[in-house]
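There's a structure below that I have some questions on.
A, B, C and D are the chain letters, set down in written order, and residue numbers restart from 1 in every chain.
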């Protein structure tokens, strides 16, 4: 399969994908069984696919072999109608390419490539362009850019997206800055084959209004039906419902990202009947009060869908 | 009239208001005739009112007596069906209160109060709450909060908006950060009598989707019909048109704010047949290339409305 | 006197100058008697002069006539052997020039000109260069640049200092960023007639080591003898004493600037037998605990000098 | 050897240590021969030891096995009179501990542990304290904290240094923020057994004045004699020479860090007769003009020492 051709229907990014959490046991080791159990639960939700090894999957604290184990497990549990994306961005071009090739061999259908950021002062638009082009040249599967300044400290210039959208193997972007002006400008500046996913749940509905065609959101791990309902309401032109549900989504989204981080998201998964599991140090477990708050927000979210 | 009562129809903030530019002559002196001529031109646009002495009105470089002259001139040219708001935020509580009283005496129907910011490390939520409450207590007219972190360096915490919304004389807010997640959270957290205006044109349409009920936008000075058309399209449920027009609005809005600042906005006014005039130093005139670009974007905007 | 000539001995910036606090009465009005009483107290300290209308003088919340009153009072109480500097930076070039001329008429021997900052995105090196040059061209007295990014949000580029040092009426700079690398680079890049004052007390001793020749420090208001002792120890080559005293100075300096701001500085003045007075709203009075801490640090500082 | 005891003479951090560059061949592979050749050259310099796997060693783009190869090579070439420190900070506590144990087994005499930073919003003082304590508990060799906000985006609170200084196996810190006020506060707040190294060459001399007892500086890779001369001049009380040499050091230091980054440092090594080699992508080679500038600064530095 020459995946550098124009994307077919199967390659389109659309709908809602959870950036899967990586459950750990209390001793810090990987809990693959919990990971697979979550995938079984997600089978009943209206999800377009999964992202493995994203920021919410604690990719930055996983060992190389753990990453491959997770991809294999996800591949086994991902139905053919759903897309399996994998986060492969590392600090070095060669490292990212090598991991990209490995996960493609294991069945990843696309890779999400984080902006390298350690030497941030050197990460000019030109340097980043070369980086992503090198990865896209070498990747056997479609490449999606991943901008998340809250973690990388690197804003993603409009111009960079515009230039990279010309590469036949760069198919889109996860825009997680929450800047819907930028998101709208990107959508308006790239060909429609470059697809923009919203990566910031508190702006899901406005991002869809600005032209996002997909969403990769932490909250989709714990209450997938809520972002899915917003996505559908928007697609159906039911803006009143979209906005109403957004107001329910936002406090939960803030709690499981900005306020409590991954530990909050895992607590929300636990509260929703999934298996969040422990976080890996240096991240610390959520407090009891935090856990109770998160659980309450999960219940609110579930109630809003009834 | 006891304006501390619940707002009547006439006190509602709704629709589009330009933050009027303050034209200067080439020698740097105030050009009141040009200011009044602009108001005459705006008579034909579907505007809900005007804001005098905003950031785009170069309030920070105006002398006290110039401010009063501008308010008087605006009062003379503001039809009764339109609202006249005036920016009165200074660094001191007493200074803001004094200016607020003076402009109310001159006919201002509401004041927009900027976050004080020089001693920013001391501007905690509690300190800002006291400041705005003191101003609201003393103001004979409704008070609107004005958050514009790009100028002040001070983010506006959700909690502050929530607390201030309880004050009977605080009636709303101009939210100019471009953070539509925050805007949505504010709207969802305050009573409907607290009205939120979008102050960032690149997110006008998504801000309306999040619940903004008005817009105070630099671009409304040069091509008022464009934000008005977006406002109306959204109100009518024509999201396709709103989004299409937003994509035309955004490049112009970026040019007359982030890229070229007030000099760009004034050049856009000139290009649109209004009288922008010179900026006051230290701001510098726009380059010829910038002027040409801005004029081209104005023509694009006007063409999109035909 | 043609002050645009090369500076004579009398025009050299050297030694320690307090940026005088502006005492207010409890009702918020100016307490000129307290201001003058402080100047009487300072007569006994080994100070090189005074700065009126600086950031610690709450210049941003003073009315124009209050500013002139303070300059007049300072002029009356400043011995001829001490230099009287006045902060005159406003947001507009014309406003700064007008105030500069007025205070020069009242006897100011130099002006300290703050970076304009409201339209910060437009404040490029070129724009700032033009601003300072216009002020220096018009000023009848020597001009000193004033960089204080903690308040303005504007870093002061090395290149800007280098360019402005060529102007015959720009005689130096108050560098308050705390960045002693920048301070050292400026000193190494300008002619010796451009004199750099340290404006950040926690780096007084290292700034002197990097070539600062003067110091304008909040702590010089409350315990002037301490920075003076550090200045003298450095000048005498007694680095051990300089460093030891710096370790006493730093906690007090942090308390009266970063931690408690002007309210802390005024409390420290009160504790030291001076008259700090109230701050002007929106600044709030220091807490009792803060006041006790500040007083304790003042006592430590005084004890270290015995 | 129980390294958790109080440090003996041999464990003191003192003097100048270069954070060794990692030369790559043009194909991006590790050039161990060049790395070893550099160590042979350094044998003639008055260095206190070496740091392997620091930021300037491009640790973030090295594979795990490459890291171990470098440590082994450094161990072979490090004389017993010099200390061999190794950077081992990764994003996960367990990963950092594992690497720390491995390099200790290979002969590292201390480890430099970077602040984890990917989930920066969660990296509170408490979380960071637990992280460093866990690493220090597990490490068979002394632990040095490594704060470099320009790369991590995480400031290092004074309080964190104070708390960690109580741990018997935390022996000091590399402070690379350039904030000599903070450095001075840390020195004044910890026991003398906690040793602070300056990690920012433009403030080497003022940092020594504030109490730094060692220096780990990029410029020590290309012109080690220059920081060594400053260190000695300061130790000998020759402040005039220290300051004069600092003014030579600073432009070179800025070029090989802030301006050109690691590519600049490697070009400076080439210019000085060492073997810098290529950088690893996404970092890009320095331009010809940059290379010429860096070479010129190296020559200036060498000339100043004659």
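Keep this in mind: a residue touches a chain if its C-beta (ideal position, glycine included) is under 8 Å from a C-beta of that chain, and two chains touch if they have at least 3 such contacts.
Remember, it's a predicted structure, so these values are computed and weren't measured experimentally.
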For A-D, find its twin among A-B, C-D or B-C: the pair where over half of the contact pairs carry the same residue numbers.
B-C
By mean C-alpha coordinates, which chain is most distant from subunit C?
A
Whole-Å gap separating subunit A and subunit C, where each centre is the average of the chain's CA atoms
51
Please tell me the distance, in whole Å, between the geometric centres of subunit B and subunit C computed from their C-alpha atoms.
36
At least two partner chains per residue is the criterion; list those residues in subunit C.
none
Could you draw the chains as nodes, link the ones that touch, and say if you get a line, ring, star, complete or other?
ring
Along subunit D, where are the residues that touch subunit C in the complex?
178-181, 184-185, 188, 200, 202-203, 205-207, 209-211, 237, 239, 242-243, 246-247, 250-251, 254
Note: in the complex, subunit C contacts subunit B through residues 28, 55, 60-61, 63, 91-95, 116, 118-123, 126-128, 130-131, 134, 150-151, 153, 258, 261-263, 280-284
